[in-house]
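One chain, subunit A, appears in both complexes that follow, with subunit B as partner in the first and subunit C in the second.
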Partner chain A sequence: MVTLNLLIAVCLIYVAGLFLVAFLAERAALRGRGGWLLRSPLVYTLSLSIYCTAWTFYGAVGYAARSGLEYVTIYLGPTLVMIGWWWVLRRLVRIGRAQRVTSVADLISARFGKSNLLAVMVTAMAVIGVTPYIALQLQSVTLSVSIFAADDVSSMQSGDLNDYAAFWVAAGLAVFTLVFGTRNLNANERHHGVVIAVAVEAVVKLVALLAVGAFVVWGVAGGLADTISRIDASPIGTWQTGGGRWSALIVLSAAAFVCLPRMFQVLVVENEDERHLQIASWAFPIYLLAISLFVVPIAVIGLELMPTGANPDLYVLTIPLSQGQSGLAMLVFLGGFSSATSMVIVATLALSTMMSNHIVMPLWLQLSARGAQQSGDVRAVVIRARRLSILLIISLGYLYYRASGGSGALAAIGLISFGGVAQFLPALLGGIFWRGATRTGAVAGLAAGFVVWMYTMLLPSFGPDGALPAAVFEQGLFGVSQLRPRALFGITGLDPTVHAVWWSLSLNTLLFITVSIFSFPTPLERLQGAQFVNVFDRSSRHARGWSASEGEAEDLMIMSQRILGAPEAQAFFRDQALQQGRVGRSPAPTPEFVQALERELAASVGAATANAMIGQIIGGQAISVEELMAVADESAQILEYSSKLELKSRQLAETAHELSRANEKLTQLSLLKDSFLTQISHELRTPMTSIRSFSEILRDMADLSDVDKTRYASIIHSETIRLTRLLDDLLDLAVLEGGQVSLNCKTVNLHDILEQAVTTAQASSAREFDIRRQVANEDVTLVTDGDRLAQVFINLVSNALKYCDAAEPELDIAVRREAENVIVAFTDNGSGIPADGETVVFEKFVRLGRGEGDGAGLGLAICREIVTRLGGAISYVPLEKGGRFEVRLSSGHAGKELPRMLLI
Partner chain B sequence: MAKTPLFLERQSYRRRRMMDAVRILPLLCAVLWMIVPMMWPNGTEQSEPTSLSHAIGYVFIVWAVGIVATAGLWHRIRSRDDADEARQTEPRS
Partner chain C sequence: MGKHVVLVEDETNIAEAIRFLLGREGWRVETLANGGNAAEVIRAAGPDLVILDVMLPGKTGFEILAELRADSALADLPVLMLTARGQARDREMAMQAGASRFMTKPFANNEMLAAVRELTQGRVD
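Entry: the complex of A and B
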């Protein structure tokens, strides 16, 4: 038989072993060794096993003995969460790392604009929700001790013994947590000692439970088949769970798995590598499966072997004892002890971080006159706050245990605790998936859920006339029967747990969503919301709007030294300066730098406190227009904006291009005008010079013969005629170009016009010319200005007569119809226009080739203007032998009279 | 702004479908665990209630299959992840 003294001795040795392991792990981590183990996915997975507390170790069997398979829901929920890591945990872990989150309260507060109100609410709710859970661990240890001490109770009262055990366990746990939990301030740094001790305890409790299971199945029942038949024959041998309760418990445990502060601590805060999460996604369900595998067999055998009054919560321990297996019983005791202690240590650690960061530090900041700039080491304050919080939380658990008298089934207490922390779920999920979630909505939802939970779950758990008077149970609050704590709104058919979970979570969610929809978030909330929801979107990472001056940078340095410690702060500032390319100087207080510093501080004191401390030094947080725009973006808006920008810049480029083209044209026109003036002056000066010379001769030379006089006078006359013609042409051209010409449109016959043109041209030329025409084709009726058209034809025929350089000059005048157009082609057999002149032949003052012509070079320019006015076109077509001018008269001019043509 | 191409090469395609499976698996397990047991007779109806051993067998077999499937998917994703990382660490032009 195991005596109490032996039990205490083994227990002390075990605890000493744990201290040693934790100490060695801390030392190895300090020296940078043992990373393969300390940072392995195995240790991460095992540390998750703090989910399986003494509630699992003892309570699951008791639960199964009372309600059959229902206990397994508590492990199915977390399994679903782990298998579904991609949905929620992956996101939480990434956000936790990106924002340097220190606790579940910190995450919720940071998401909703670093609101300290929310942080305080969540912290308070967590402390209230988890305190019964800590009490439950103490209760389980004392219960197990009392089993061993059954023989020794003669020496002291059993009640005293229980109190003693509970006190010393609480004290031991407090010491362990104080020693290994507050070594480093940065909550993101792993507590290696704690984590490794938790991992060892995880193995111990699994081995112990599996050992009892194997002993029961193969040692007591006599094999698997026998066990199965005994299960079906037992009082719990049939499926009794109602569907509603079954599903509600799975949902509740899944929610609690994510929201429990200690689970958040190991899942998110202590996570070092996101890949560990992926491995734990299947490894941790294996652990859960193994730990719940033998629960039903143990419960069934316990129901068979143990007397009816025995506490089923202790079957794990009493079965081996009743079979005389003292060694196994001792192992079981250590397993239960491990489950209880690891839970209390991590839960206390998580809660103390929350309390010190969200309650103590803000209070301290408020109370100390100069706040963050006060002298002295803030680190000492934070560590002291954390230590005080640890003591406070463990004391609360102990007091709750004393107050509740250690009564009640373990499973019931655990479920109440689950229901409390599950209230974080809507704000948590809404915060990481929905950008529309607001702080007001979160506060409303949390408050409603918490009040309903207190009223329907926590307070009724103390029994009628416990916390609530019996009258309230029967008639409802203030006698309103709609407000009965176990039948809200008159719904009586539900199981109390399902009822409480349903009402608290649904009212919580409803209020959270409704208030969020109708409230408006602050800029910081929107910024944080965008960063949380789009945590996987690289583009959403942008700097926040702190704007500090160089002078304030020194204050920042002083403050950081006091929180991070002087060497750490100096190293951080040095790194940042290096990143900014400022060697050997302090970093410039850019928004990026201040944000990085805020993150670094947040890892030690929480987002809200860090934000407030920096705010005290720098002043308000300025959020720039760009950042707000990024918040408002939904990234589509940014896309739209940038596409608009692109469009605008394209339009600008086009306008600039057009402008430069117009400028080029203007320059060209100006050049043209200059050359035009030069040409005119030149053309006018040549005849003027001869007129002046000959008129001077006539005036000054008295002895001129009559013949000479006549000759000189006729030269003057012909030059005057040339001048007049030039001026006529110029005027003509100016009128045509100015568009002021009035056309005298009539119905004319092309043949008549050609006839007139050829006759006129031939009359003014002395050359023999062979002009060929196709009279049959020329019979085309046009509506046009016949005189103008004749002018064009005369010009073309005269040009041919003048410039054709063939020995036997020929001119071929052909008329053809092409679709609706009439084309008149003048082809000669000369050498044509030189290739370099083809493009300029229709320009003003262009005279090509031989200079014998007397024209001013305006003929073809006038032709082009006239044909264009008439709605046609004139072009030069170079031929192999000779050249051809084509006059294209557009369709409307041919055929029937069309009144609109008169408008040309 | 670089956009994901509409069609992917075979390996990326396979990886995407693996991720689809990772996403769907918990939903499947949830249906098997939460919906199916609700349909078992629990003694309140006329028919014989389901025996506990039968219920345990069902729950634990789904559990084991779920774990094996998750581990299998993890294994396939992990090997591809490593390959991706190797590709991403190459210097970009």
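Entry: the complex of A and C
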């Protein structure tokens, strides 16, 4: 005999235990301990069991008692999803982590261009769809309490009791969710306390159901064999697999498993590690198998044992009670209580996150004129919004429970709820697999599916003359028979559930696809689409086009501090700065950084809000042409291949170009060589011609006068000198060009070298020449090869003496300093070098003179080589009247540098 | 009127050698050091023979030869070309341009005289 007071006491102790477990888990997580448990795949798997609510705990037996094995469909859907985790769940989890998704609404919104409209729609639909479900949990608890109360004569009126129980349960759940659900703002950080509590409850409900099952089989039915024969005798045992209804229910439960906000919360948001999915993929189906193992025996025995009219939904509780097993009944009660509470807690948590991120925060952003930049802690606003949302949602559930008066079978309410959230499926799957899906398509599909679901499933569930007048059931909306809620388009004879699921999901999918095809996505949608669909493709992760200035970085910091909290925000900025290699400074507002920040904020307030907040500070989000190009192509691979191809062909073209350039150069070199040989041949043959001719004359002609003989001999003599000089020059040039010249660098005075050069040049010239110098400026100490420098100066002075065509020739030698260079300029008053010769004057064998010269045209070429070797430069400066050669000697060799060099 | 030759040669020593050699043979030698106006000078002088160097300031020997050959009155004028470059290609070019004879520097005096005699045989006595 269990008194109500005892029940309440046990209940309170149990709840206190849950609080303690959750508290310890939170504390352990905060101190970085207990990771082996908190982050274990076992806890992840057990947390998934919030799929099994009180509906499953109590309702599955009732379902089996009413409809036979059909209840199995509710487990088959999730089992298929888990087994096929590789295709859908893995993708969802990866996207959830990559995009820091906070809820199913956030995911859909983020995928379709961070659309707040979609987020609001999904949130609203989820709240409408899940509220009855929460009411259902409250109902199950009060129902189970009432069973105990019926035995307790001392109790008050059962009606009052139910209200009390529901209210206090709702209040208790609200407190628990408030305490452990809004501890930290970042929804993406795991709620360790909640998850651990849920895992504990998962164990309790499994143990309770297994215990009842074992008691029924071995304690009541008298063993396994007897149980099986009783099942065989019962109508439940026969497989009545009405194909349509079965497939519809499997699809519905599979869809709900992925789309239910609370399932999304534990599957994706609370996921610690992608590998946990792999383990859960077989562990969770085993859990489902265990929890459904004894459903049929309990239903069969219950039907036999219990009086007709007893609620089969409560067989798990009433059978042990009827057998006087109060302890077992208490355990079962706790199991049912666990199922209900864990569902309510996680569902409320998920819904409140959606509500505060997608409805409250955007509204607050809109209403607060100064937007995200205003002073004050945004965190407080977000947390307050989340807490209010929790209270609101639990209140809605309670009010729904009060309003519906606890009517209807548990299973029916569960299916209706499933049908509502299943409407997210087309947008969700389309969003992660199909790049062509657009926001407009998703809005159209969701709206259509939701309206059809309301009309064919939710509203009719209140019964004729409940939400819809009986006439509408009979004649259809506005008397149009095509619009009868259970026979849309005049198709009758379908099971109402099949009918509703079929029409809502079909119209939803059809509109989603059609509108997507005919609508044009915004750039942000394209970008997000590419990132979602190619989430496993590394190349698709490129930074987006936020561009902030340094000034805005400060605003970003202020905003982040108020959303993430000052220490968290500072830590994040510090990390980012470190990654950028900026130690001890704030990070540069690169597109990568702003994107990372947006993700971080999105984890707290959702993608759409985070996007809007950053947008408020930085202004519009620029999406570069390059990014558009990256997503425009249907496949990133095609792009990659074609870019590789392009690279290869570009490399080929480059190689070909280089080859042709090399060929050109070779041809040019060959031409140069030819022309050089020709030049040398000419320069050698010319003096040799005179030498040969005159020597033959001297040899063959006896009658020459002495004067002639002397004259011809001296011609031969001067021509041999010319030949020798040519050979000297050629060898000199060859040595200089070959780089084999060894410079004999010493400290010299520029004045001495000029003096030597002018004297030497004048000695070999007969012309009267006015040479002007600035001796004072010439006193420059240089470290250089004095002989080589003199050779250059001699050449330049000689050239002037030889070629200056002025009537009164003048040569001006000026020395000046320019920065760190010493420049020696030789200016004559002749007509200078013809314009067409300026570029070639330093080339070999170039003679621009008027033919009187006997040089081979190597002098200036040699000068250029020498000056280059000395680390300087020689150039010709055309003047209006006359020409000027400038020798620029780099200061590396200038005397000024010497002391410093010596010091070192 | 004696035998008249126009010598276009910028190397003064070479020009002097040739002037000496041909002078002894009874030629009146008119020397030009620049190629620029050589064709006009030759046309005006109407010599019995032209000796033309290839590499000249002003104009190349080939250009001068082409001008001479373009004038029908001078089409048959014997032209002896001299070059110091001495490559087979130059010989071909000279012959194509219409040179009567091509000689490479340095030359033997006898060779030069023989060539001049050969070229002017029947033209001058």
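Following the convention adopted for this analysis, the second predicted complex is superposed on the first by the 626 of 904 C-alpha atoms of A that agree within 3 Å, B and C clash if a C-alpha of one lies under 4 Å from a C-alpha of the other, contacts with A are read in each partner's own complex, and residues count from 1 in each chain.
We adopt the following convention: contacts are C-beta pairs under 8 Å (C-beta built on N, C-alpha and C of every residue); 3 or more make two chains touch, one makes a residue touch a chain.
Treat the numbers as computed from the prediction; the structure is a model and nothing was measured.
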item: Larger contact residue set on subunit A - subunit B or subunit C; value: B
item: Partner chain(s) touched by A:719 [first = subunit B, second = subunit C, both, neither]; value: second
item: Subunit B versus subunit C as contact partner of A:689, first or second or both or neither; value: second
item: Which superposed partner A:320 touches (first subunit B, second subunit C, both, neither); value: neither
item: Touching partner for A:132 - first (subunit B), second (subunit C), both, neither; value: neither
item: Residues on subunit B engaged by subunit A in the complex (per definition of touch); value: 1, 19, 22-23, 25-27, 29-30, 33-34, 37-43, 49-56, 59-60, 63-64, 66-68, 70-71, 74, 77-78, 81
item: Residue ranges of subunit A touching subunit C (in the complex, touch as defined); value: 678, 681-683, 685-694, 696-697, 700-701, 715, 719, 850-851
item: Footprint of subunit A on subunit C - complex, ascending; value: 10-11, 13-14, 16-18, 20-21, 24, 33-34, 55, 57, 84-87, 104-110
item: Contact set on subunit A toward subunit B in their complex; value: 68-69, 72, 76, 79-84, 86-87, 228, 231-232, 234, 236-243, 246-247, 250, 275, 278-279, 281-282, 285-286, 289, 293, 296, 639
